[in-house]
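Okay, got some structures for you below.
Here chain A shows up in two complexes: once beside chain B, once beside chain C.
Up next is the complex of A and B:
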């Protein structure tokens, strides 16, 4: 079970994801509403895993991912994405994302991905 | 599926409304010209709406958002521009979206709103556009291929791959996986960390472009061992991984423990994570807030009661204790008022859209400016303000601003100017709507009023401009020559006036022919708690809001003059009409005091027997059961439990 930082610009999505992860026994150490905040929180909280939304204000998920990877090459970042964003996710994976989950979130899939990425 | 998400409905609706508002706001910005930031904002809002609605299982809303997102993807990439037609289409979509959010708020799931037309129109637009973008894309693809040849040949890296054992692998991605190609890329990435991929079908390039059906065949050179490779390829949504030594060569299997797959963990510091986060803002359900407000009101009533008991029994300690309670209650009251205040932008934000629609419908050109949207008003006042304001704005564009050609002939700029501003004036909030249109045609107003039988020709001839303007607010008056879709819906300014009066506000109009009009709304910051003067007439108690009282004077019967049917007194060189409350409480012959009240510029006086005092009370509206009662704004409970009516001077 890991310590997780949730990054998404909507409280709705964060709450949804938080409850799913919580039900899987994970600890939510923090939340961030945009890319810049995500990078700052990552440095501060040093989570085991980050769930990263792609489309966000200020700094999008890809930019935040790159910034986090620059700080910590071993960072485990799981992208939160939606059907139709394949290219974005591929870009994220080339930039070092370790996994992805697809909206609408299905709790078992989210938990499986998080477990696998934490285990890798 | 929806039931497990029921708890999120409120949050969903609240955030969706914000996103919808953002969407409309930025669509209007785009109408003025290209703006990358607006495009990004629209994309983000639509994308968020799509994700959230999908999560909640609101399929119809998701479908519409998806189609809108597809369109905006093109706009964002610069392959398309937002034409006027597209702008209109997207605004129409946003209207449907709003209806869907309303539906969801009411307990629905958006399926009762059909978005077929909009989705079809969006798809249609994409269809036309698609060919163009394909053509644009094609050369780019070619270039990419030149730069990085597909199926990168083995052995060009630094790894001495030649000596490593080779394996063939077949990786099958689960059929339910939403993005098979992405899953494949993750597996490829993991394998590349362990060795060198010699060949692969489909190629990495093809996978990158999305040409992947779920099965990946590859040959990899690696000394990590069979088990490590298998583990690396496995993962979420990978249905199966088959691995066997290539070319029939049996490699020496390394012990799994030796698998060099160990991400750097050293720099992870545990402990720092449990720091608690401070939450500065809360979202509170408005129903709960109303409930708290009701409780505060009860407290106010009972505080008055306690105070009275203490006075009756002359208990000094209790008096002191009540003094302390009073302070806390007052503070609580003020705090509740503050919490209930919301910025006018809440309703202002919708108005640019209204102006745009009306102007476009009428073929007019209008520059619309808003100021002071940050001014705050009580939520209950805000709720009642929306419709009247909408009506006035529609009127300003529809009736006020002239057609561009007419304006030009009159020596004005083609573009009309409408300004909505708000500011605070002592306790009140003043909202001003100015247009530089034709102004109100007083003669036309008078003529219409006579035609409609609202007033006789003789009477109208003696009217001042203000009196003539007042005719506009008479029920059944409408100067529009024909009823239009936009502003003439059978409701006129009389409804506007009544709505504003229901909010304890006033409305005033100034007009200059040819130069334009100015509507001024004066609104109290809150309606719930008011200061009243308690008076007694014929043994009955009544409340009169202090805010409308200008003076309290002695009344001498001898000074009464009869003018026509009414009575008047001369007070400080002013003739003031007497307003007897006989109809309400019966005749009284001991009236010794005059309460002079003022509404706008008109003053009159109410004779009362005596003044009992001043009190801060909660005015509860009369139930709709009793119906419309002009002259009474509601009732209040005094400290001794008596229920008394509170007069509404504005409508008397």
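Up next is the complex of A and C:
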């Protein structure tokens, strides 16, 4: 089980992920609504894993991922993308993301991906 | 003369009988006691349920044949029937499954083969693989773009439900053909289409939470809505045929007798 930071610009998606991850026994240490806030919260909370939305205001998920990896090369970041954003997934993996989940989420798949990334 | 014989069981008079199907260039020959010949061009539908292949052939009357066999034999049969049956068929590249339950399938790759549309389903058929997407399970069909050899390329995405999971497949062929296939698939699955205005934003959020596996209690808490409102939204979703009732739960409250029982039981434990 891990300490997780959830990054998404919509409250609905954050709440949904929070419920799914909590039901899987994980601890939600924080939430962020944009990329800049995500980087700040990462430094402050030092989570085991970050779920990162791709399309967000201020700083998008890819930029935030790069910033977090610059701070901590061992950071575990799972990208949350919509169907049709596969090119974003490739870019994210190149930038150091450890996994990805595609919206809309299904709880078992989210938990499986998080478990795999935490175990790696 | 049959070119090849394959061992199968076939349903005849509500019983499975062991036999050998003869496979000729233009037909399947079923020996006695069934004594039938199925011309490939009369086959209008092919379905697969576990390891049973159901073939519908139509001449003057419609006949269904249920064939049971090992995967290797069924693969030979499927490949042959799909190549020659009466269906909408085109050469294409396909990737199926490409995304399962929201996660990209590892090692998914483009395969060269055919897309064959029969009455009950869309088949992806290649030399080594035959995958069926039943029309009733199709959740979405979309013309979209996908990176193929690092170039954004027009493809058709077909989403279908499989054991409660959304599985996406992609089809790639020349754009003009893609448009024809897209129109044909949209027409085939027209019964599943919705206007898009049936649900308001709260209803859509509820539907998405149901999709994500949340139960009623979690949905009420997340959206901060009372049970009655959620019930009304459920009714709307059910009426539109977007969901089905899986379980009916009850909330109960103790009577005076119940409260007394619990009080006594607690006293007995603490004494």
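Keep this in mind: the second predicted complex is superposed on the first by the 120 of 120 C-alpha atoms of A that agree within 3 Å, B and C clash if a C-alpha of one lies under 4 Å from a C-alpha of the other, contacts with A are read in each partner's own complex, and residues count from 1 in each chain.
Here is the rule we go by: a contact is a pair of C-beta atoms (placed from the backbone, for glycine too) under 8 Å apart; a residue touches a chain by one contact, two chains touch by 3 or more.
The structure presented is a predicted model; accordingly, all values stated were derived computationally and were not measured.
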Review point. Looking at the overlay on chain A, is there a clash between chain B and chain C, or do the two fit?
Key: clash
Exercise for review: Please indicate which partner A:57 is in contact with in the superposed arrangement: first for chain B, second for chain C, both, or neither.
Suggested key: first
Check your understanding: Between chain B (first) and chain C (second), which, if any, makes contact with A:29: first, second, both or neither?
Key -> first
Point to revise | Partner chain(s) touched by A:47 [first = chain B, second = chain C, both, neither] | key: first
Exercise for review: Considering only touches as defined above, state whether A:93 meets chain B (first), chain C (second), both or neither.
Suggested key: first
Review point. When the two structures are overlaid on chain A, which partner does A:20 contact: first (chain B), second (chain C), both, or neither?
Key: second
Check your understanding: Given the touch rule stated above, what does A:69 touch, chain B (first), chain C (second), both, or neither?
Key -> neither
Review point. In the superposed model, does chain B or chain C contact more residues of chain A?
Key: B
Point to revise | Partner chain in contact with A:108 - chain B first, chain C second, else both or neither | key: second
Exercise for review: Tell me which partner A:10 touches in the superposition: chain B (first), chain C (second), both or neither.
Suggested key: first
Review point. Chain B clashes with which stretch of chain C: 39-47, 57-65, 75-83 or 201-209?
Key: 201-209
Check your understanding: Where on chain A do the contacts with chain B and the contacts with chain C coincide?
Key -> 12, 15-16, 83-84, 86, 89-90, 100, 102-105, 109, 112-113
Exercise for review: Spell out the residues on chain A that touch chain B in their complex, using ranges where they run on.
Suggested key: 3, 9-13, 15-16, 27, 29-31, 44-48, 55-57, 72-74, 76, 81-84, 86, 89-90, 93-94, 98-100, 102-105, 109, 112-113, 116, 120
Practice item. Spell out the part of chain C that touches chain A in their complex, as residue ranges. Key: 99-104, 144-147, 152, 157, 165-166, 168, 205, 208-209, 211-214, 218, 222
Check your understanding: Touching chain A in the complex: which residues of chain B?
Key -> 5, 8, 11-12, 15, 41, 43-44, 47-48, 50-52, 54-57, 66, 69-70, 73, 178-179, 181-182, 185-186, 189-190, 208, 210, 235-237, 261, 263-265, 267-270, 272-275, 277, 283
Review point. Of all residues in chain A, which touch chain C in the complex?
Key: 12, 15-16, 19-20, 83-84, 86-87, 89-90, 100-110, 112-113
